[in-house]
Structure formats: C-alpha cells, structure tokens
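Here it is: the structure, laid out below.
The letters A, B, C, D and E name the chains in turn, as written, and every chain counts its residues from 1.
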Amino acid sequence: MQDVKEFRPKIVAFCCNWCSYAGADLAGSARLSYPADVKIIRVPCSCRVNPMFILRAFQRGADGVIMAGCHPGDCHYTSGNYFARRRMTLLFSMLDYLGIERERTRVEWISAAEGAKFSKTMNEFVDTITALGENKRLEDLRCKK
Amino acid sequence: MQKMMEKRALELLGDGTVNRVLGWSAGDFIYDVTPAVFKTAEEVQDKFLYNDFCGANLSKYLVKESRKEGKILVFLKPCDTYSFNQLIAEHRIIRENIYAIGVECFGKADEEKLRAKGITGITGIEMKDGTYTVHTVYGDETVKAYEVMADRCLSCKSKKHVAYDELLGSEGEVVEDCNRFDMVEKLEAMTPDERYEFWRGELSRCIRCNACRNICPACTCEQCVFDNPNSGVSQKAAVNSFEENMFHIIRAFHVAGRCTDCGECSRVCPQHIPLHLLNRKFIKDVNTFYGEYQAGENPEAKPPLGKYEKNDIEPGEAGGAKA
Amino acid sequence: MNTETLIPYVGVVTEITQQTPDVKTFRVEAPGGGKLFEHKPGQCAMLSVPGISEAMISITSSPTNTEYMEFSVKKCGCLTEWLHAMEVGQMITVRGPYGRHFPVYDELLGKNLMIVAGGIGLAPVRSVINYVRDNRDKFGTVDIVYGSRSKDDLVYYDEIVNEWMNTPGFNVHLTIDNPQEGWDGHVGFVPNYVKELNPDLDKTVLMCGPPIMIKFTLGGLMELGFKKEQVYTTMELRMKCGIGKCGRCNIGNKYVCKDGPVFRFDELDELPNEY
Amino acid sequence: MQRIGVFICHCGTNIAATVDVKAVAEALSHEPGVVFSTDYQYMCSESGQTLMREAIREHKLTGVVVCSCSPRMHEATFRKAAEKEGLNPYMVEIANIREQVSWIHKDMKEATEKAVILGRAAIAKVHLNKPLKAGESPVTKRALVIGGGIAGIQTALDIAEAGFEVDIVEKEPTIGGKMAQIDKTFPTLDCAAYILTPKMVDVAQNEKIKIFSYSEVEAVKGFVGNFKVSIRKKARYVIEDKCTGCGLCTEKCPQKKVPNPFNMNLDTRRAIYIPFAQAVPKVAAIDADYCTMLKTGKCGVCSKICAAGAIDYQQKDEIVEREYGAIVAATGFNPLKPDKYNEYGYSTCPDVVTSLELERLMNAAGPTAGTLLRPSDKTHPHTLVFVQCVGSRCDAENEKGKPYCSKICCMYTAKHAMLIREKYPDTEVYVFYIDVRTPGKNFDEFYRRAVEQYGVHYIKGQVGKVVEENGKLKVQASDLLSGEQLHIDADMVVLATAVEPDKSARGIATMLTASMDTNDFFTEAHAKLRPVESPTAGIFLSGVCQGPKDIPETVSQASAAAAKVIGLLAKDKLTCNPCVANSDEMLCNGCSSCEKVCPYGAITYSDKEFRGPNRTTLIRRVASVNEAVCQGCGACTVACPSGAMDLKGFSNRQIMAEVDAICKM
Amino acid sequence: MKKLSLAKLNDFFAAVAAKETLYLPVNNNVGKAEYKKWESGVEMSSALNTVRSAKDFFFPQTENLMEFKMTGKSVEVFDTREECEDFVIFGVRACDAASFAILDSVYLVDPVDSYYKSRREHGTVVTMACSKPAETCFCGTFGIDAANPAGDVTVWEVEGAYMLRANTEKGEALLASVADLLEDGCEKCVEEAQAKTRAILAKLPLAGLTTEGVGVGKTKELFDHPAWASLSESCLGCGTCTFVCPTCQCYDVRDFDTGNGIKRFRCWDSCMYSDFTKMAHGNSRNSQLERFRQRFMHKLVYYPDRNDGTFGCVGCGRCLARCPISMNIVKVMKTLGGKN
C-alpha cells in the first residue's frame, strides 16, 4: 500500500448575506450535509467580492473558490449581483486564458429558500475540485507547509 | 509634419493661447525620444521632434500638467486621443486647460526590431519613402519601415482622432479589420496547459519595475493598491509566480473596460512581456459578451463594468474548455 | 556586534511606562535577563515586530545601565501602534546598535554641555544625560533645555524632576508652548527660551527635536555667537537596514544609519539640503 | 492588539453533540489576541449573555467572538449584550458553527476542526474590526400598502387606527380584491360581501387613508424610513373627484360586449364600468381597449349623459411621487389558470370551471344572479365533480403546477359542495382528492358535515380525463381505495386550481429589493420569528403574497404587519446600518467608477484641496458617501481600482483576513 | 593564456557544469539574452549583453533572509538561508564585471553583508571581451576597457577559438579543472582582437562622453542645478533603470505573513519609487525631481565622493535602451556639463 494522504480540497465560499448565506443556514436547518471542506465567508452582497479576494484565497492555499449570491433580479441591493456577474465573468475568463483551471472558480445563484440547492451545489463543487486535485497554478509556495 | 507642428506650437506659444507645449524632445540617437514640456520658443526650436520613433503616448502627462497654471498644448496621435478621452471621462484631466492638436500617424517604428535584425552601433537613421537607411559604426543598413513597425501599429485599431481642438495632417478612419485579437484567439484556441505554459514563460520574466503600470494612461491612481502598505496586497517585487500573476491579473482587471489598447505597457516592458494580450483579452470578452465597446471613443458612454443587462452571460458560460 | 547584521535578537518587554498620551517607554531585556547588547549614548537599534514592520528607534537608556535597555516610542505608524498596544511579556526583535554615538568618550569630555530637546526628541539625548550623570566627574556643567506642547507632553517628567534636577551641576529649564493650568514654569518655544537663557559660548550643544525647532534653535545659537562645530544633533530618518546598504537614508555622501545619526552641524553643511 | 474573548455555545446538544466544544475553546485560546476562551450551554440565554458580559468586564475585552448559530439568528443579541457592557457592538463577530458545522457534519473530528477554523476566521476579522457608530435617519410617518385586497385593507385600517397616514395602491379600479368575488366564506358560511364591504367603506371614509385605485407602483427609491415611491395613476378617463358613481354611463354605454373579469369573464359589461356595486372608490372607469370613443374618436355617449361632467377622454397616466417610512406588500394571488391541464378539458369545455368561477356562478350578484346554471346551456347541473389539487402539490419536475399545497382548496370545495347540496338537493356531488386537509378551527367539523350531513361523495383518487360527449362531461377517474376505475357522467366539473402569487409581485419585489422564493412568494425575514417582515428593512408582508392563506389567517397577518409598521413609524429616528462604504480621500482619484455602480445614488464628488509635495497644494476631485443613504452592498468597493472605497464592517482587510485564516495550511 | 577551440566549447561547458552550476547568456522565448543554467543542448546567446545585468547572481531580486514564528507573546527567529554552492558565470561583459567592484564596495565593507559575501565567494566570473559594442555603450567614459574585462577569467573570441586568461586564483583553478580541453593560447591574437574592438569603441557615438561637470566634490554645485526640473519632468518613477542597472544596489526588507510564520525577505528597491524614503512621519523626497536627482547624484557625485572618485556607473547602456521615456544617465551627464 502506498502511503498517500487522501486529498481534501480547501474551498472558500463567498456567500451574500441575504440569499446564499441564508440558503446555507437553511441547508443547515434541514440537515442537508455537504463536505466540511467548504468554509463560508459572509459578505453583504456578491458585488462585495473583489477579484483580489479570490486570488488571495488561491494564494493562501484554497483549491476552489465559489461565490454565491441572490438570483439575478433578486438582489437585496437591486443590482449588486448583476455587477458581480459581469466582474466574475471577466475574471473567470481571464483565469481560463492564463491556463488556470476554469473549474476551480464558480458562481451560483442560491436564494434563501434554496437550502437544497446550496447543499447540492457544494457537494458538486467539492467533487469537481477533488477530481481536479491540488491548486498548483495559482499557488504561493510560501504559504504551504 | 514636424515643421507644421513646430510652427503651430510657436504660434500658440506666441499668441499666448498656451504657455507650454507637451511634445517629444530629441535625444542622442534618433530613436531615444523623450516626452517633454517646452516652455519657450527656443526650447521648441531647439529640441522639438516628431518622427517615426515618437511612439510615447503623451496623454497621461496631462493628469499633472492640466492641473498647472495656464493652458498647455498637447500633440496627440490617433490612439492617444482615445486615452485622452478616457481620462476626461474619468475626470482625471481638466479639458479647459488643454489645447489638443491631433497629429496624423501612419505607424511608429520599434527600435527593438532594428536590434532584432542585428543592427547595432547606430549613429543615425534617415527616413525616406518608407525606407530607413541606418548608419552604424559597422556600416549602413537599409530596412523597410513596415519591417520595423511596432507590433501595436501593425494592428492599429484606429487612425481616427476622437478628440482634438485642431487637426494637423489628414484624418484617418477606424480600422475595421485590424486583426488585433488574432493572438488572443490563438491563445484561446490552445489547451489550458499550453496557455499556462505560454503565460508562465512570459510572466516569469517580470521584474516588477512597474514601467507598465506607470506608463499606463489608465493607471492614474493616486496610490496603486500594490504600493499601499495598508491595502494588504502591497508588493514590491514579484517574489514568485503567484505574485507575478496576481499583479498582472489585478492590473488588467482594474483597467478592464477602461484600457484603450494604446499598447504602451508592452512597448515599455524591459522584459518584452506582451502585456497588451491581457488587456486585449478583456476588451475582446467585453465586446463578445456585452457588445462592442471601445474605451475612450465616447467619454459619455457607460463603461461595461459600470452597467449591466438582465440577461448577461453567466460566469459559468464564459471561458472554459472549448468544445 | 551581531555578526549576522540583519538577523535580530529576541528581547522581552519587561516594563511599559506611559510617558505622555502618545509616548510609551519600553524596557527590553534578553529572554534570560540582562541586556541584549552594549551600546553607546546616541546609538539606535532596530525594533521590529515580525509581520508588522521594522523601525529604527534610539536607545534612550544609558549604557551605564547594566540590566536593560529602554526605548521611548511615539505612536505614529503601524509598528508603533502595535508596540503601544502590546503588554508586558511580549517578545519583540531588536538588532543593533547602529550609528555614530555622541562623542562622550572624547570630544565632550570635560566640556560644559547644553542639551536642547523638544518633545520626543529628549529620548535620544536622555542616554547622554544619564551617562553624564553616572560619570559626573568627567564633564562640566549640564544645562538641559527641554520643551513640549504641554505639561502632559513632557516625557520622563518624574525622572527630570526627581533626579536630573537634583543632580549637582545640572540645570534643568523646562518650557511648554502655551500657558496651562497647574504650570508655573516657563512658557514659550524652545528656540526663544534658549536665546533668553543666553548661554555661555563655552558650551557644547546637543540638540534633538522637531526639524523646525532645530532650525530656529541653531539660528539662535549662531546669533549668540556659537559656532557650528559646537553643536551636535541627531537625525531621525527612516533607516531600513541600519548598516549603510539599503540606500534609503543616503544623503549626499553620507548614510545616516552609518555615518549618523549624530552629526555636528559643520558636517551637515557639506550635505545637500534634504534632511 | 485586541483583547479577544471567545465563547463557544453548545446550543444544548445542537452543537455540542457533533462539535467538541471544549476542544474548540482550547484551540482558539492560543490564537493571537485571545485572552479568554470558554464554552457554555446556551450563549443566547440570559446567563450566557451574563457570562459574556462578565468576561468583557473582567478581561477588559476589546473584541468578542461567539461560536454559535448563524449570525442571522443571534448576532444582534450578542451585540446588544456587548453594548450593555460598554463594548462597541461591532466588535462582536459570530462564527457559525451550528448551521454550517454541527447540523451538516456527522464526523466529530471533522466538525471540530472546521469549527476551529471558522472561529479563527472570526478572530482574524475581529482583530481588524473598528468600533462603528450607527448614524440616524428620520422616519417619514406614512406607510404604503401595495394591494387593496382584504390583506391590504386590514393592514391599512390598523395603521390608520394608530394614527398614521396610509396610502393604498390598487391596480384595479376598486379595492376589495379576491374576497369581493367570493360568495360565502368557510367555515361559517357568512357572506363575504357582508363582512368585506363595511371594511371597504371604513377605508374610504378614513381620513388617514388615501386610495390610489387603478394605480401601480412605478419605482421605489430610498430605504427604511425614507422611501420615495413613484405611483402611476393609470388613466381611467373619468375624473375621480367629479364622478358620483351614479352608474348611468355604465348602463348607456353602447359598447356592451366587454368581457367582465370581475365575473371571471362569464358575462359581459360595458366599456365604461364600475366593477361591482360596492366598489370603493365608486368611480367609473373606461376600458380603453373597448371604448369606441377612445379607439375611433366617435361616440362620446358617456360624456354626454354624465351630469357631473366627469368624463375626460384626454386623461393621461399620471405619476405621483410620495414618501413613506414603510411599505407593505399585499399583492395577493390569482388562481392558476388551468389551461395547461388539457386532460380536464378546461379550455375546450365551458362546463369545466374553476372554483372561483363557481363562486361567481353561485353569487347573487354574479352572472346568473345566484342560480347555479351550466355556462354552456344555462341549465341546472345535476351531477358535479370537483377535482382537487389542480396545479398544487406537483412534483418538482411537473412544470404545469406548483410544488406547494394551496391550503384553502379543501375547505372551499367542502363549502361549495355543501352549498350546492343545500340549495339543490337533487344534485350529486363528487369530490376527487389526494388528501383532505382541514387543520383549522372548526374546519374538520365543517368537512365532516359536508360528508355526513350533506352526503357529498368524497373519493380519494385522481381524475384522469374529462371529455365532453353529447352535452355530458365524461369523467374518468380512479378510486385509490377500492382500486376501481370510475366513469361519471357529470354536468359540471369544478377544478380547485392552485393559488399563485399575483404576476405583479415579482416586479414589485425587485423594486422593493425584497427577496422572493422560487414560487414568487415573498420571503420572510425569518420563517418562524419574523414571518411578516421581508429581509429588506422597512418592507412588510401581508396576506397571500407571502404564502397561501385563508381569510382569517390573512387578516391576522395583515394586522401583524400593521403592528410592525406602527412600531416603525412610531420612531422619530432610525438607527442606520453603520456598515457603510467609506471613501479614503487620500487615495480617491475621483474617477466616478464607484458612482456608476451605486444603486442608491449615495456617492457624490467634490473638489478638495490637498497638500502636495513640498508645500504645494493640489485640488482633487474626491468621492464622499452619504452614510444615511448607503445601504452597504459594497459594489463601489470593487469598482474602485485604488482601494479608496472600502466597506466598514466588511473591509478588504477584514475579508482577506478571513480568507487567510480559512485557507491557512 | 589558454586556448579553447570552439569545436570543444560544448565539452568545456559540460566539464565546468559537471563540477558546479554554470550560467551563461541564452536567448529566451522572445529572443533576448538572459542568464540561464547551462544544460546539454543550451546554446550561448550571441547578443552583446543580457537585458538584466549579472548583479542578480550576487544580489538577487528577492531573497529570503530569515523566518519568525510567533506564538502567544513569544517570538522565535530562524536563519533559513540555504547554503550557497559554487557556480560559474560565463560571458560577463566588462561593464558588468566592473559593477561587481561597485557592489563589493557597498556589501563587503563593514558590516559585511554575509548573504552577498557568501555568493560572491562561491561565484567564479568568466568575462568575455566585447567585439561588437552597441551605440548605447559608454563604459570607456568610466575607464572600463571593453576589450580587456576584469573577472576571474577573461575570454576573447578569435577566429574559431576562445582565448582564456585566468586573472585570479579562482580563475586559475577553473582553468586547471578543464585543462585537458585547453591548448596554449595566443597573446598576439588577443591583442589583435583587442585592437579591433578598441577601434570600434572609438567610433561609437558616445565614445567621447566625459565626466566633466560631475564627480567628487560637486554636491553643492549640482544639487540645486536648475536642469533637474526639466530632466526629471517626464520621469515615470518606474524602476526600470534601477532594475536593469548593474550597480543599483538599494533594497527593501519586507515581511510576508504566510499564515504559519513570518518570512522576512529583501528585494530590490528603487530610489525612483515614490515610497522609497516614505516613513511613518513623512517622506523626505516627495517629488519625482528629488528622487530622480538622488539616483543620478548618487551615481555621479555621492558615490565617487565616498569611493575615491570611482563612479557608480559602468556605462553598460541598459538604461539607455530600456527607459520607457528614453531619459538616462548620458542625457543627465551631458546636461550637467559632460562633453561628447
């Protein structure tokens, strides 16, 4: 037997306070599990997510970053997620252009009522990242033990 | 052309319309042209130059110069007028303090291309009828102008001036099929692994001299986040591949929708990194996803990241493995 | 001196004294007790909290103190804020000593001294003052002119009143910028006070304080007939490496961290005017 | 350096069963700045809060981290407790180790590890927290109720009763809503009109209430306490103040063939009309789609006969700007149109009707003057089949219907069956149901009366198909209990169609920035504890727009919403959210990027003088944020390239500190 | 003097590389020369010089100094430097070779920078005389002979062969280690090659550039010179000149929090940067004029003042070729009184 440590990805989820964070709460209340690899950071709105935060997460050792916000049209602040959508579209396209695995970043719109979708999305994302393996292309070796 | 420009500069200085002239100043070799502010007629007569090596985009200097006392004359090539407009749109320059003269441009030469041809020891260059006769200590060489034309000029997007008070020479047109996205498309067609290798090969040469940022007419921040010790992301050197990527991705993102594709970043990079390919990717994506948008074309236009449509493309649909 | 010049010692903060609302004095000892290294009056050390920043701070304690070193730090910037927020027992890093000291071992011997300081500027010369106190026989009279914005901004007030004022041959002249309740001492700016005091021309002056104070005090002294060769100052410029290599503190042909921070005014005359 | 206290809540066993709370407290006690770390049974309890307050006092804490349930649950609780002890409430952060850890993870080791990491992230954030002071904003002492059904009416009356002004915006020419169309109400069988119309009159007569009938909300700006609403008063071509409601025009109008939506289009009305006799306001309106005058310019009968001179063919839509402190959504519902259910033949057979259509057919003011007649041949039906759950309780994959139970159908069907059997004892009534749901006061008794006293045939089963054959409706159905296939020749089939939110609700929700669920019902701030509030401050929910309800429930909720509104309007000042954007003028370029993405217009620019190098002065254009208007979304912070714009409470540094702590190897 | 037939060049590289790491100028993916590790198949660039100077070998752009571990109130310090191994740099030009002396005068004076010193001790410099200098070259202005560079070993290219001369013990040792590949060299061939090069050098446009107007003792005279304003006017304040300069040696010390400890590193800094002299209580050089002046005053006045008249510039011409706005030390020298 090879002594290979099972790869457990590190996943950062930026969730907007009004929809997706509440969706995560609902997933919790409904005991809809998803892997502990996912750690949530609460932001007021998806439009608060700066591309720098996403790169920062990769630098610090994240293997996948997901941003979840209200469904387009349902933003608590009317338009935040529309701006976020454009920003992330461009950022993800750029990361792809640089040859950084496209699948490591994801955006989902999850409402406060969609606990099941939250859980399902996170399960899927963890599977995707586990299959992709460790983030090598946007890593900062100084931050690795 | 230079004569006409010099004449107008002297006239405008003479009649008090302006008290300074922002142009290009001759150097030791014919190609080492320095942007300069001329304050007197003598200085203009002595040093003012406009030739095929005057590639530098002067618009950014107006951020400082237009805030000084009196009006300044500036000469703007077609591509510079886009930066000029963009700076106006962002309230970075004060239009009233500027007298802008558009000057025609048929593409600028890149001295690096002369060097790449093995031409060295240059003592002088004569330019005539699309041919350069280069005098060197090793003998004379002749090259066709187009052979040494800067890459950015070979894919010039517009020979049209989008802003000026006065125009010298002929007015050109927007170049419809400028092919400027060819290389972007080529990269897009590669596999992610190939793209990754390509960019590693390029960005790993970065020495973080900040020339790209400091020359960029879109990078006019009072203090760049990368220089601000309180920003949490300040960097002084590209310590490793991550920081190289981080700096260039974020810089490109910060100028996304604002970059006019003037190409100065790639021109000044001492390490010859094709940085414009990052900006052009964003420009191409904006065009594809949100409709044609040329920063600087119309200072009233809403920038693509400052607006949205309800049915915008989803991030998941952008990029990704090509089918 | 530490052979690996950039690698610091670890010191423990064993006592913190609030001097003024924005100045604290930190007592630093080696983890096992005692001083981290020996220094001479006027020299500096690089204090650092890893991850925050490094800063050059003058060693305010006298070399005659054998148990610990002291640093007085004014709150300005992220490192000093951090230092102000820390508690006793905290470790910090210290490297040094750096720079030229006040010439207490040669040129100043036997001289009558006048120390002029403003605000936190007393910190670098305090080491000289206490060195002189501990070697009282080697020096002549000592006049100390010290001023601050208000009474609350006078550093080492207790020490000044209880010890310096009671030292034979010491004359302490305190002043504050504006009148204040409970203050019956002199009111006015330091440069004017120095002129009022009209010191004898035999004194050697050591001066430290804000640039504006230095400028006017020096002018006043010149008017009184002092020569630049009689006046020393110590310059605070941000030094990064402390060893004359990083280039930051270069002024003319001098590196402040190596050739200074103590300069005689006639030496400064040689330098371009950007200090 | 902060002095941080960490408190791990067991939440009974909710957390402690899966998370080793002692281990978390121990692990977090070693984090930088942590001077106190403990665990406790219920942190949110009085004694838990006391524990926290004592620790703040004793250990001179400057920051607090509570590892507990979601911050959406008790953040406010803990912040208040801290504030009582003199600690700025914004120095408290919550690590969500219940919803995000203990409730979704089973493995104790894994859950404990994650709890520690989330705790570290919260600690890292607190290190960068700064005391924030909430600003204040004034409250406009007037409420807006969108929708004039029974929900809106009740809410408006209650608010007005408390002495505050209320506007009702109703898109129809009259208030009254669905209840006005209903004949009798269950389980008491009293007449809907008897109980509704007095309320409508109350509304009309209440000086505090202003009705904008035939009007719609066009735009909403502002925020809690300070909404600015544009109301579009649609042109009704009748001058409201002049019309006496005499109704002469509605009799003389030559255009008679206008479908009458009030009667579910089962009869017709004139082009100028008053929806029903008790309409409030009792003012006619011209249906522009049918009015000959408006379409061709030739007619003008109504104008000629109107003694009051109230007709104005030139009338245009009018936009009215009003300010409000609170807004109540009472947008109500519509029955699902069962035209996708071809198997029931609704679109093809006139005698297949919906329950609401049946209401009109049984109503004395309805098209048949209360006599139950088949729409096709106006004969008396002898066999009626009721089909339950049409469009309700569908599988998620079923795109025709809704996943939820519409809640009221069982009861109104029992009512219909009972009334029919009472009035026409010669009719046979069959009810096909999936389940009969009667939770409610006197509901089950009511249903049992239908079965036992009135002999209604309740069959657990589904109707497969309804086909018209020779004037009869052939109903094929299965009896699930007996397993038999049934064939019933019915005269009428009544579909109990699902309740669905009014189509206007989504647009209104968007304007209000109130969130909705996937079914377009408004989301409440908390399903149990804040059921009549939207998560968006100042927006309240009344009636079916929040979820299916019967009348008593609607009225209770309407009053509850009113109580909340009254509570809000009773305040003179509101505390603003202090987590707002803030521009660092030293870094600001004045480029206007931030302004373009601000949904509230909270950012303005001005030229300011700054010190340049070497004693020069520079004038620069810089942004500043109106803190009362900013809602703290953070869109501007990302638009800002220089990092001048940051968000208090969610600063770049704070979020990055959380990222760092979470990703730490 | 030894001779290496070019036919044996690869064998020579292989033999050197077998013992220690060998670096030499190689064309990179955009056809510009940069120093790379020699491996079989790697070809030496024919370019005159590398874009970046050779100072990187001794003064790398970034280097880890130490690490800290902070737990509770305690701090631990770890010296994490890696042991420097022997290496050879091949193909260094005269200008860069001269720059090492300038770096030494900073880093090897007391207190010695041990990081630098260690690399300097382990590195062997093999220089290559220039045969085709460019118009931007002006090493002669500072008394540097491109035809006779310093270094541990000097190499001249003469028809079909390299002539190698060991100048130091280190150089002797290097040549001895590959003695079986070498033949006796030809002094005369070298002299001829040198003469040829010098003839070209004399014809270069900057051949006559003098240091008149700058140098020792000029501080007061030049510091307030009015020309600084126009010279610095269009300077972008980037670090290009600094970073390609073989003699610029300023650095910054920074800490990086990895999440598991603090890494303290140093990296190149530029006096052209606006934050170079920024400190907690202000900035002593607030304008680009002051910063620009500092860079050139340092190279042309302050450094010579401190170092017996030696200039802090070696005339490699990199800043002439690379400055985004073509402002450079030659223009400065000429403006301040230098003749050409």
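For this structure, a couple of remarks:
The definition used in the following text is that a contact is a pair of C-beta atoms (placed from the backbone, for glycine too) under 8 Å apart; a residue touches a chain by one contact, two chains touch by 3 or more.
Model, not experiment: these values are computed from the prediction.
Chains making contact with subunit D as well as with subunit E: A, B, C.
The greater number of contacting C-beta pairs, out of the two interfaces A-B and B-D, is seen for A-B. When every chain is reduced to the mean of its C-alpha atoms, the one closest to the centre of the whole protein set is A. Set against the C-alpha centre of subunit C, every other chain centre is closer than that of D. Here the spacing of subunit A and subunit D, counted between their Cα centres, is 29 Å.
Our note on geometry: subunit B versus subunit C, Cα centroid distance of 51 Å, whole angstroms. Subunit E has its Cα centroid 39 Å from the Cα centroid of subunit C. Computed from the mean C-alpha positions, the centre of subunit C lies at a distance of 69 Å from the centre of subunit D. Counting only residues that touch two or more partner chains, subunit B has 225, 229-230, 233, 239, 305. Among the residues of subunit C, those in touch with two or more other chains are 78, 87. Of all residues in subunit E, those touching 2 or more other chains are 70, 252, 256-257, 259-260, 269, listed in ascending order. By the touch criterion given at the top, residues 586-593, 596-597, 605, 618-621, 639, 641-644, 652-653, 656 of subunit D touch subunit B in their complex.
Put simply, subunit A touches subunit E in their complex at residues 60-61, 142-143, 145. Against subunit A, in their complex, subunit D makes its touches with residues 70-73, 96, 98-101, 103-107, 110-111, 113-114, 117-118, 121, 506, 509-510, 513, 515-518, 523, 535-536, 579, 597, 599, 631-635, 637-639, 647, 650, 652, 655-656, 658-660, 662-665.
Residue ranges on subunit B touching subunit E, taken from their complex, read 27-29, 31-37, 56, 61, 115-116, 120-123, 136-138, 201-202, 205, 207-211, 213-215, 227, 229, 236-239, 264, 267-268, 270-272.
Residue ranges on subunit B touching subunit A, taken from their complex, read 184, 187-188, 192-200, 225, 233, 239-240, 242-243, 245-246, 249-250, 252-253, 256, 278, 281-282, 285-286, 289-290, 304-305, 308-310, 312-321.
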